[in-house]
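Structures follow.
Common to both upcoming complexes is chain A, partnered first by chain B, then by chain C.
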Partner chain A sequence: MVSETEETQLNSLENQVDNGGGGAWEYLCLVRKLKVRRSEKVFKYGLSILNDPKKRSALGPEEWTLYEQVAIAALDCQCLDVTKDCIKVLQKKFPESKRVGRLNGMLLEAKGSWSEAEKAYSSLLEDNSLDQVIHKRRVAMAKAQGNISEAIELLNKYLEIFMADHDAWRELADIYVSLQMYKQAAFCYEELILSQPTVPLYHLAYADVLYTLGGLENLQTAKKYYASTIDLTGGKNTRALFGICLCSSAIAQVSKGRNREDKESPELQSLAATALEKDYKQRAAGKLGLLTSALRSMKF
Partner chain B sequence: MAEDLVLDTAIRDWVLIPLSVVMVLIGVLRYFVSKLMRSFQVPDPKIVKEGQVIVRARNLRAAANFIPPKSFRSRRVYFSNEENGLLFVPKGQAQNAQAQMFSDPNMAMDMMKKNLSMIIPQTLTFAWVNFFFSGFVAAKIPFPLTQRFRSMLQNGIDLSTVDVSYVSSRSWYFLNLFGLRGLFSLILGEENATDDTQRMMQMSGFGFDPSKSLSAEKDGLDIVQHEWALPKFEHRAEAVLKKLVN
Partner chain C sequence: MVAELKHEISQNAYIKLVLHALKHKTTAVNGVLLGRVNPQNESVVEIIDSVPLFHSNLALLPPLEIALIMIEEHYGSKGLGIVGYFHANERFDDAELGIVAKNIGDHICRYFPQAAVFLLDNKKLEALPKGKDQSPVMQLYIRDASKNWKLAGPDGGSRLVIKEPAANVVLSDYISSEKWQDVVDFDDHLDDIKMDWLNPELFK
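After this line comes the complex of A and B, so read on.
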C-alpha cells in the first residue's frame, strides 16, 4: 500500500515532469520503488531517456533496470515492438538471465500465445521452483484466459507455500467475490486483516462480504467492522457510513418480533445518518434530497 | 613499578599504523574474493514454507483480537492441531536440521569455503605480526590491568617486571581484529564477509533451526486469549462521528 506522503510526492513529481520540468529519472525511480502502475507515463518518459544516448550513458548500470521497466510498461500499453527491442538489448547484455527469460514469457503472454508462454514459465520454474513472480504470472495468465478455476487452484497452491504474501490473499479474495464464493472471500479478508490490522480497506471489504452473506450474526459482525472502518478513517469513509445505516435497518428487519437485545450503541445509526447528510450537503448538495428520502425509507 | 616508559614515536609510525592499514586492506580483499566465490544457493522449499508459516502464525498472534472468535479458534486449531497442524513437529524430527546440514554436500562445501576464507587470512596475518613485530613494547593501555593478563598481552616481552598495561603488538592485532568490524560496515556496506565475530557466534548456533521456532510459535499461540476488540470499535466510531457531526 502506498502511504499518503508517498502518494503526494509521486503526484507532485508527475506534475513536474508533465509540465516539462525535468526530473523524469526520479519519477521513474519512485514509480519503481512504490510498484505503482503508471505505464503510459513510464513508457513515454522512459523511452525518451533511452532514445537519447547522452542521457542513457549518464545512467550507468541503472540503464538495464530502465530497459526492464520500459519493456514492462510497453507491454501494458501494447507496443510490442518496443518491448521486443528492449528485450533484444537486454539479452545481448545478459544472455543467461532469468529476468530476461521472464520478460520473454511476458511478451508471449501479451501476444496471446498462451501455450508458449506456459512452456517458457515452466522451464524457468524448473531451475528455481520458488520464484514468486513466475508463479504469480501463471495465475495472471490463467485469469486472463478466463480459466478462473485454474487461477484459484494455482493461487491456492502458491499460498500453501508462501502464506505470508498478502497481495496474493488480496487477489484470491477478489476472485472469490467475483465468483460469489463469499465464505471463502471472508476467510481471505480475515487473513488480510490479521497481517495488516490498521488498513481500513480490508475492514470495509470484510464488512461488505459479511453483509452480503446475511444472517443476524453476520450482520452484527458487519456492523462492527463498518464501525471500525469509521474509526480508522476518522469518519470520512462514505461507504462505511452507508454500511452502518443499511446494517442497522437489516438487523431491525431480521430481528423483527424477536427480543431485540439492547444495542451497545443505539446512537450509531442516527449519528451515521447525520454525518452522511452533512457530507452530502458539503460535496453533492444536489443529491441531498435522494439521500434523505433513502434514509427515511430505511427507518430505524 | 609505576614508572612511565617513554615509547618511541617511531613505534607508532612503523607498527601501529601499518598494522591497521594492512588489516583493512586484507579485509577489503577478502570481501571481494568472497563475492566472487559466492555460489547461488537454491532455497529449500521446506525451509521457505516454514519461514512463511512462522510469519503467518506470528501475525495471527499479534492481531488475534481483530477477527471474530470463531475464525480465530478455527485458525488456532489449524496451526496447532496434533495430527496435521502446521506448527506441530513430532519429537523425532527435531534433530534433523543439524544432521541435514552435514549430509547435504552443497551446504557443507559452502560452509567450508566460508570458514576457509576466514581462517587463512587470520592465520597468515597473525604469523606475519609475530614474525615482524614481536619482542618489543608496542603500546600502553590507558587503564590498569591485573597480572593475569600478562601472558595474553605481553607475549613477546620477556620481562616480568614491566607493567601489564604495556602490551605487545599482538594485542594490537587482536584489538584491530574485533574493532575494525564497524569500519568495514561503513566502507563496504552491510553484509560483508569480514564479520568474523558474527560468524563465530553463528557457528555455535548452527543457523536456522526451524523446529525450535515452530514449537515456540505453537506455544505462543496456545497461550493467546482471544478478546474480540471489535465491540469497542463501535463505541469509538460513535465518538468519532459525534465529534464530526457537532
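After this line comes the complex of A and C, so read on.
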C-alpha cells in the first residue's frame, strides 16, 4: 500500500526515466520497495540494464535481485522466454535455491500448467511449510482458475497462521466484496483497523462496506468511520466527505417517522458539503454545478 | 413484456469503455451508457455516450451512488439518461455475467426498463487486431419476462450494433498507440477531483 507522497515520487521518477533523464536503477529499487505492479516499465528498463554488461556488473550483488525482478515482470508481460533466461542465470549462480524454485513455480503458473505448478509448490513447502510467498501463490492460482471458494478457504487458513499480513486481509476483503459478502468483508476491515488504527484507507473501506450493508445502525457507524477518515486525512479525503453526506441522507430516510432519541446533528453534513464545494471550486470548477445539485438532492 | 430492441452504440461510447477495460487489465471494470430511445423509432435505443466508472471495489454502494447522481444530473440536462451498464470481468476466461453486474443492471432497469447489460468479450477483443470483424467486442444481455438476465442470441431478437461501421478499425489503432492511458474513470475522479470523468479531450 502506497502513500500519496510515495506515489508522487514514484511517478515523477518514472517520468524522468521515460523521458531519457536516467534513474532507471533508482526507479527499479523504488518499485521493489513499494511492492507496486509496474511490470511493463520494470521489464523494459530492467532488461536493458541486464543486457548491458557494463551496467550489469556495476550493480554488484544486486544483479541477482534484478534478474528476479525482471523475471517476474516478464511473466506479467507474457514474455516467458525472458523469464526462462533469467531463471537459467539464477539457477547457475544459486543451484538448489528455493527462491529460484519459486520462480519456476510462477513460470508454470504463467503457462497455465496449474497441476505442475501445484506440485512444484507442494514440494517446496515440504522443506519449508512457512513460506508465505508460496502459500499466497496457491491462493493466486485458485483465484486465477476461477476457484474463488477455494481461494477464500486457502486465504482464511493462511491468515490463521499469518494474522499480521495486512495485504492478505485486504485481499480477502476485496474478494468478499466482489461476491457481495459484505459482513465477512467488514470483519476483515475490523481486523485491519484493530492492528493499524491510524491507516485511513481501512476506516474508509469499512465505512463503505457498512453503508452498503445498510440499516440504521450500520449507517450510523459508517458515518463515524467516514468522520475518522476525515480526521486522519486532515479533511482532504473526497470519498469520506461524500460518505458523510450519503450517510446523513440515508439515515434521515431510514429514520423517517421513527422516534429518534439522538437527533442527527446537521452540522457534520453541512461541514462536509461546504468542504466539498470549496474543493471543487478550487480544483474542479467545471463540476461545481453538478456537485451542488448532487448535494441538494442528498439534503432532507 | 420483452421488447426486441436494437441497441445502437456510438463509436466513441464504445471505444471509451473498451479502452477503460484495457487500462485496468488486472481488475474488473464497469461503466454506464447514456442515451435515449430514438424519437422516430421506438424499437431503437441510441447509446450516445458512456462514462467509465470504477476499477476497484465495484460492489460498494457509496461511490456508485455519487457517480449515478452526478452523471444523471449532467446528462439529464441534455435530454439523455442512463440506458445501459457495461461490465468487464477480472479474468480473461470468465465469460459469465456475475452477480454484481446483474444487480447493477437491475438497479438501472428501475429507471429505464429497456436497459441492457454489456459484457466485454475478451476472446473477441483479443482477436480484434487480427481480423476484420465489425461487430462489437461485447455481449448483449437482456432481461426476460421473469427479470432474469439472458444473453441475446445472434439469431434475431434484441441486438447490439455499432453506429459507425469502422469503429473496430479505429479501436485497433488506439490499442496500438496505447490510448487507454488517457482514459479517466470515476474512481480516478474521486481520488483526484481534477481528473474529468467526462474525458472531454480523449477523442480530440
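Convention: the second predicted complex is superposed on the first by the 284 of 300 C-alpha atoms of A that agree within 3 Å, B and C clash if a C-alpha of one lies under 4 Å from a C-alpha of the other, contacts with A are read in each partner's own complex, and residues count from 1 in each chain.
The working rule: contacts are C-beta pairs under 8 Å (C-beta built on N, C-alpha and C of every residue); 3 or more make two chains touch, one makes a residue touch a chain.
Bear in mind that the values here come from a model prediction, so they are computed numbers and not experimental data.
Because the two structures share chain A, they can be overlaid on it, and in that overlay chain B and chain C fit beside each other without clashing. Contacts of A:62 after superposition on the shared chain: neither chain B nor chain C is touched. When the two complexes are overlaid on their common chain A, residue A:18 makes contact with neither chain B nor chain C. In the superposition on chain A, A:271 contacts chain B only, with no contact to chain C.
By the touch criterion defined above, A:37 lies against chain C but remains apart from chain B after alignment on the C-alpha atoms of chain A. After overlaying the two complexes on the shared chain, residue contacts for A:179 are found with chain C alone; chain B is out of touch. When the two complexes are overlaid on their common chain A, residue A:243 makes contact with chain C while staying clear of chain B. Judged by the touch definition given at the top, the superposed model places A:286 against chain C, while chain B stays out of reach. Between chain B and chain C, the minimal CA-CA distance in the chain A superposition rounds to 16 Å. Overlap of the chain B and chain C interfaces on chain A: none, as no residue is touched by both. Residue ranges on chain A touching chain B, taken from their complex, read 128-130, 160-165, 187, 190-191, 193-195, 197, 221, 223-228, 230-231, 234-235, 244, 264-265, 267-268, 271-272, 274-275, 278. Against chain A, in their complex, chain B makes its touches with residues 42-43, 45, 48-49, 52-53, 55-56, 59-60, 62-64, 66-68, 71, 230-231, 233-238, 240-245. Interface of chain C with chain A (complex): residues 26, 28, 56-63, 65-66, 69-70, 73-74, 90-91, 93-94, 99-100, 103, 190-191, 193-194, 196. Interface residues of chain A facing chain C in the complex, by the touch rule stated above, are 37, 144, 146, 174, 177-180, 205, 207-209, 211-212, 238-239, 242-243, 246, 279-280, 283-284, 286-287, 290-291, 293-294, 297-298.
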